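Have a look at the structure below, then the notes.
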Amino acid sequence: MGRRLFKELERAYGFDEVAIVPGQVTINPELTSTKMNVGNQEFEIPIMASAMDGAVSPGFASHMHDMGGLGVLNAEGLYSRYEDPYSILEEIISAPQEGVTEFLQKVYSEPIREELIGQRVREIKNSGATCAVSFTPQNTKRMSPIAVEAGADIIVVQSTVTTARHMSNSYRGLVFSELIDSLKVPVIVGNCVTYEVAMELMESGIDGILVGVGPGAACTTREVVGVGVPQVTATLQCAAAREDYFRRTGRYVTVITDGGFRTGGDICKAIVSGADAVMLGTPFAQAEEAPGRGFNWGMANPHPELPRGTRISVGTKGTLKQILYGPTSRTDGTQNFVGALKVAMGMCGAYTIRDLHKAEMIVAPSIKTEGKFFQMSR
Amino acid sequence: MGRRLFKELERAYGFDEVAIVPGQVTINPELTSTKMNVGNQEFEIPIMASAMDGAVSPGFASHMHDMGGLGVLNAEGLYSRYEDPYSILEEIISAPQEGVTEFLQKVYSEPIREELIGQRVREIKNSGATCAVSFTPQNTKRMSPIAVEAGADIIVVQSTVTTARHMSNSYRGLVFSELIDSLKVPVIVGNCVTYEVAMELMESGIDGILVGVGPGAACTTREVVGVGVPQVTATLQCAAAREDYFRRTGRYVTVITDGGFRTGGDICKAIVSGADAVMLGTPFAQAEEAPGRGFNWGMANPHPELPRGTRISVGTKGTLKQILYGPTSRTDGTQNFVGALKVAMGMCGAYTIRDLHKAEMIVAPSIKTEGKFFQMSR
Amino acid sequence: MGRRLFKELERAYGFDEVAIVPGQVTINPELTSTKMNVGNQEFEIPIMASAMDGAVSPGFASHMHDMGGLGVLNAEGLYSRYEDPYSILEEIISAPQEGVTEFLQKVYSEPIREELIGQRVREIKNSGATCAVSFTPQNTKRMSPIAVEAGADIIVVQSTVTTARHMSNSYRGLVFSELIDSLKVPVIVGNCVTYEVAMELMESGIDGILVGVGPGAACTTREVVGVGVPQVTATLQCAAAREDYFRRTGRYVTVITDGGFRTGGDICKAIVSGADAVMLGTPFAQAEEAPGRGFNWGMANPHPELPRGTRISVGTKGTLKQILYGPTSRTDGTQNFVGALKVAMGMCGAYTIRDLHKAEMIVAPSIKTEGKFFQMSR
Amino acid sequence: MGRRLFKELERAYGFDEVAIVPGQVTINPELTSTKMNVGNQEFEIPIMASAMDGAVSPGFASHMHDMGGLGVLNAEGLYSRYEDPYSILEEIISAPQEGVTEFLQKVYSEPIREELIGQRVREIKNSGATCAVSFTPQNTKRMSPIAVEAGADIIVVQSTVTTARHMSNSYRGLVFSELIDSLKVPVIVGNCVTYEVAMELMESGIDGILVGVGPGAACTTREVVGVGVPQVTATLQCAAAREDYFRRTGRYVTVITDGGFRTGGDICKAIVSGADAVMLGTPFAQAEEAPGRGFNWGMANPHPELPRGTRISVGTKGTLKQILYGPTSRTDGTQNFVGALKVAMGMCGAYTIRDLHKAEMIVAPSIKTEGKFFQMSR
């Protein structure tokens, strides 16, 4: 027909729609290294726990450090609003599902107490862990110096959609280059999903970007406002920006795919898509050590007028160590993420995370396991 | 293979298959304006309630006006067939599902009483509201002057499929240019789904077009006769016609996507597809103020020989104010449509509806939420 | 990647994946004609009942004639194997589902009695109806003259896959050009699904081709042997052959899409795909007049070693007249096929079946009606 | 948009997404031959039973030989770890589902006893059958000579992903050309999925390759590590390598598609994709003669730290003879695989397996049989 259309639409892909192609050379998983950097900070594994109150408490951040990863504390969450956040957690956990959104809306309307930010940072630092805390753009300028002052090693500036140029009447748009200059610690900014925004953010001098808008199931941003880009395509775009920026400037910015993960396989796919690291919430909320004790809820959920998502029961699946390193007897890909990553690296002949960036990927809709398949493969 | 085929088929898309890409600049939702025009009439919000008897009564049209939108009264529905339509509504609502189609077929075989058309228009005008009434093409020439005489501000001419050139033995095809000249109020015509028909209708001088054939679930036009175009592609085509027509003539015709909406996100997607406004039925039938009291049925449903659709129980979900403006604790996108639109505009850096036309959209199949996803994003 | 592949794969489409685009001109359904020809035989409606024993008995063929269509009798089915087929039908209908395949295998192992073929043809002719009977290629040469001798007006030669050049040790491949010469009545041959085979069959002088391999749900040919082409693509190919053949020779061969229909909308889509007529089984097995009394089974089902399909309970949905012409209160597209076709023709501005060939069609995956859509369209 | 992406993604296809197009000539199934070769070994049917302990015991290998096919014994499975593997099988079969993965992990941690390898080979040879045994790459160099010494006719070297160049610290990568030289029996290697790896493996002198990574439902390799290629695309690539290699060298390497099969139709599709043979596990585990007595589990399942898959109950469906040759009254494609293959060959006009390679295939999503389709085709 050659129809005249107002605009063209390109196809985007999510984790469920792709698969990694094995490489031409294979290596033993023992030979692989999963090291990753954010600015001057190095980590043994490219896995972060996201700033969700049900997943990361100061204590959990310490556990993540012990495991070689990084747990980001939400500096605007319960831990900065309540002297005793644990009793509030208890109330959230025990609230009936009916009405829990209203309850979250109420709990999160309590003001942030700036002195608590410093206190939580110190708790993390005192445990010997690397400390990363997250702020929304509105509060970053005022509150992030408090966190750095208290010893924070990494500042994360995060909202559902973040750009280098935000327009507002109520506050002056955050200027990232000024922030970088003043803080003198690595800054991670997000979330974004396109080449152009990733490039502009990198040019402002930040050290890492968070990739992902509306990819998750519990987050209903895409349902409620229609905005979102599936994670494989979002990562492919931001990684293209990182490569171009690196070629031009010699500075390597860490790309962190944030959200939408279901299995260890998805983590591998994010990295093949170009991510240097991944950030997950619910899998860590499922750890025995998690503060949410089997429950999780997102930062956009308690929005007072347009909540997106709710508290979900995610269950407790094992220790943090099992989730990251196994051994496991679960066969659904939800444990031993590092083991899975190393096996995938072996199958693709990748010694390092950046080697894994070179692996091929195909579009291959996920396997239906409706019980009617009778073939078991090896 | 390069197979020889009788004709080529292009891919079309619906709301569920696309997602909006955040913009390069973001703005605070408070800075956005959702104003929209149809001819000389301006509205605060680009949202109309469709001419379905279960959704729009004269009283409901008044409520829509108070909320900044427009409710269209079906001038060939119960309100123009019965002196006391409310008792008939009562009967429809309480009819057993088994047999309700036959009952609707019978109720709508009662003749239209022309004096009731004027009476309903006056009821709406007396409430202070803008009055829009809809007719089928067959009755427009004879009945629409009655409505305008009584004070109607906008005439809607609507059938399942409308073209500028309809052939009939039983009545002379409606000539829209003659209608425009005689009525002297804005005229909205529909439904159409292609560039060519939209262009021909615009050239006849009309002020707005309704976009959508067979998109909804309760409407079974596509099942029964196989005809239909998904709303994103239909809107992309009609918006392309509007742009070309505007460039050529300087006259801007309002494109209204009608039907197939499921969430606030779908409304945002329709506008990114090029719509200036949207028209919805069931979400308004779900308002506490709606005459259908939790039930709705379409205009094509009671067709005496080939009914398409039936009465469906849609439930009551909240007040009209909550549905349009929140606040809400629902997280499924079915309330606070205006809030959702303003958030999407903010994420895309759009100050106005026409700015939002410039946002990008991608093809991204809807997220499966079968409970097997464990990641909650922010 | 530009992967090297052993062969290229093209996309094919079924009814569920396409939708008809309304035309630039619309006409009133009363102005449309649904006439259709096979050789010298003209029919009021382009709808045939297929040669399935649960659908077409001699009596049912007579009813189809009265309705303006054509019912094809299976000349190798129960009616030609049993003096009293009705008691056998009774047994099939009342057999328990468990074991019914074995029972069908047994019932159809009874030999065909040639004298019964003539008897059934005469029953149909005596009712005043046009008589069409079907044979498999193996038996056509020997048995079809018996049917013509008895008065048959149309011979159908049908197997799962038929080509102009079949190789066999046990019988000489049927030569269609010789068959045409000897029979002197219109011959319909099938089934085929590609341009090349359709063209070769047309060149042999036949009057109609049946299109469709493995499209239906009850037929498991595609499951069992992996062979099949969805009906829209199959019809698009065979119709392209018909057009090319017509342009070259001036002879118009009737293309009949056979099987895979679910609704009246599917019938409309087959014709927009280029079919001149459609052939259906189960919808007619659902008629009150059908010999299967709510059950149906296919010709490939009772294969003694590799059965494909089984007896299915299809229910009784109404009279043949209601199924073809309504009026109906069903809103799912399974009744009033002719009404639906005329409405679609009206929406596409098609006065005749061949006009409807010119309508546009798009790829538009079928609407999900999982209850989560809240919009009812008109 | 012309988005900048880090890498391009191509579409890959599985069995469920394609269908075979009937040929221009058809032949009677009796005229077809299903013969197949691996090196100097010829087989009547191109069907192998895979080296899974629930499917192939020495006794089962003998049954497969009698049927014209080949059963591969896992030389590192229970039969080589336990003097009396049958009591262990009994324990696996009777273990509760809860905890069976741990139990498999434990059972398979028992060391391989080299003397048992020879013993099992002799059991198979003594029955008069062709003997094929499989090893993992780590153990092949040391253990495969023992098997050949004992009389093995074919050596299979198999791991989830195998390349010609594997890097390891703990053992020197297996050099296939050296292996071929030393063993002097045909060697089959796998699994691989790409043109490049297939080509490199062929160039090392091997006689057959196994195609398939992560295609099955019970295997969760794709879930757990994200790696996999659907079988149609994998086979299309490896077959392209075979053709190019054959054209260049005159040596024909057998391509064996391994895993992911659901029906006889899938077997036909693998061969149309270019496979010379297929290897299946579960369908044979479903035979009355199978050692797993209705249960099956994969070789990657008992991995001590990252298990992929588990024991699944597959049921017992009939004798091996019925599964391969029928006759059957099942209509779901899970019996009479050879009959199905011969029917497909007939429909495509293929006298031999290599003729069937020339058939066309299309992309045609699998038929939904949700009961809402009412058409039964023939």
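Note that the chains are named A, B, C and D in the order they appear, and that numbering of residues resets to 1 at the start of each chain.
Everything that follows uses one rule, which is that contacts are C-beta pairs under 8 Å (C-beta built on N, C-alpha and C of every residue); 3 or more make two chains touch, one makes a residue touch a chain.
All values reported here derive from a predicted model rather than from experimental measurement.
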Equivalent interface positions on chain A and chain D, same or different at half: different
Longest centre-to-centre distance from chain C, chain (CA-based): A
Centre distance in Å when chain B and chain D are each reduced to the mean of their C-alpha atoms: 56
Separation of chain A from chain B, taking each centre as the mean of its C-alpha atoms, in whole Å: 39
Residue list for chain C, restricted to those that touch at least two other chains: 1, 10, 194, 233, 360, 362
Touching residues (chain side chain A, partner chain B) in the complex: 1, 3-7, 9-12, 14, 16-17, 50-52, 99, 101-102, 105, 158, 160-163, 165-170, 191-194, 196-197, 200, 212-230, 233, 258-262, 280-283, 285-286, 296-301, 304-310, 312, 314, 334
In the complex with chain A, residue positions of chain B that touch it: 8, 10, 13, 15, 18-28, 30-31, 194-195, 232-233, 235-237, 239-241, 243-244, 263-269, 272-274, 326-333, 336, 339-341, 343-344, 347-349, 357, 360-365, 367-369, 372-378
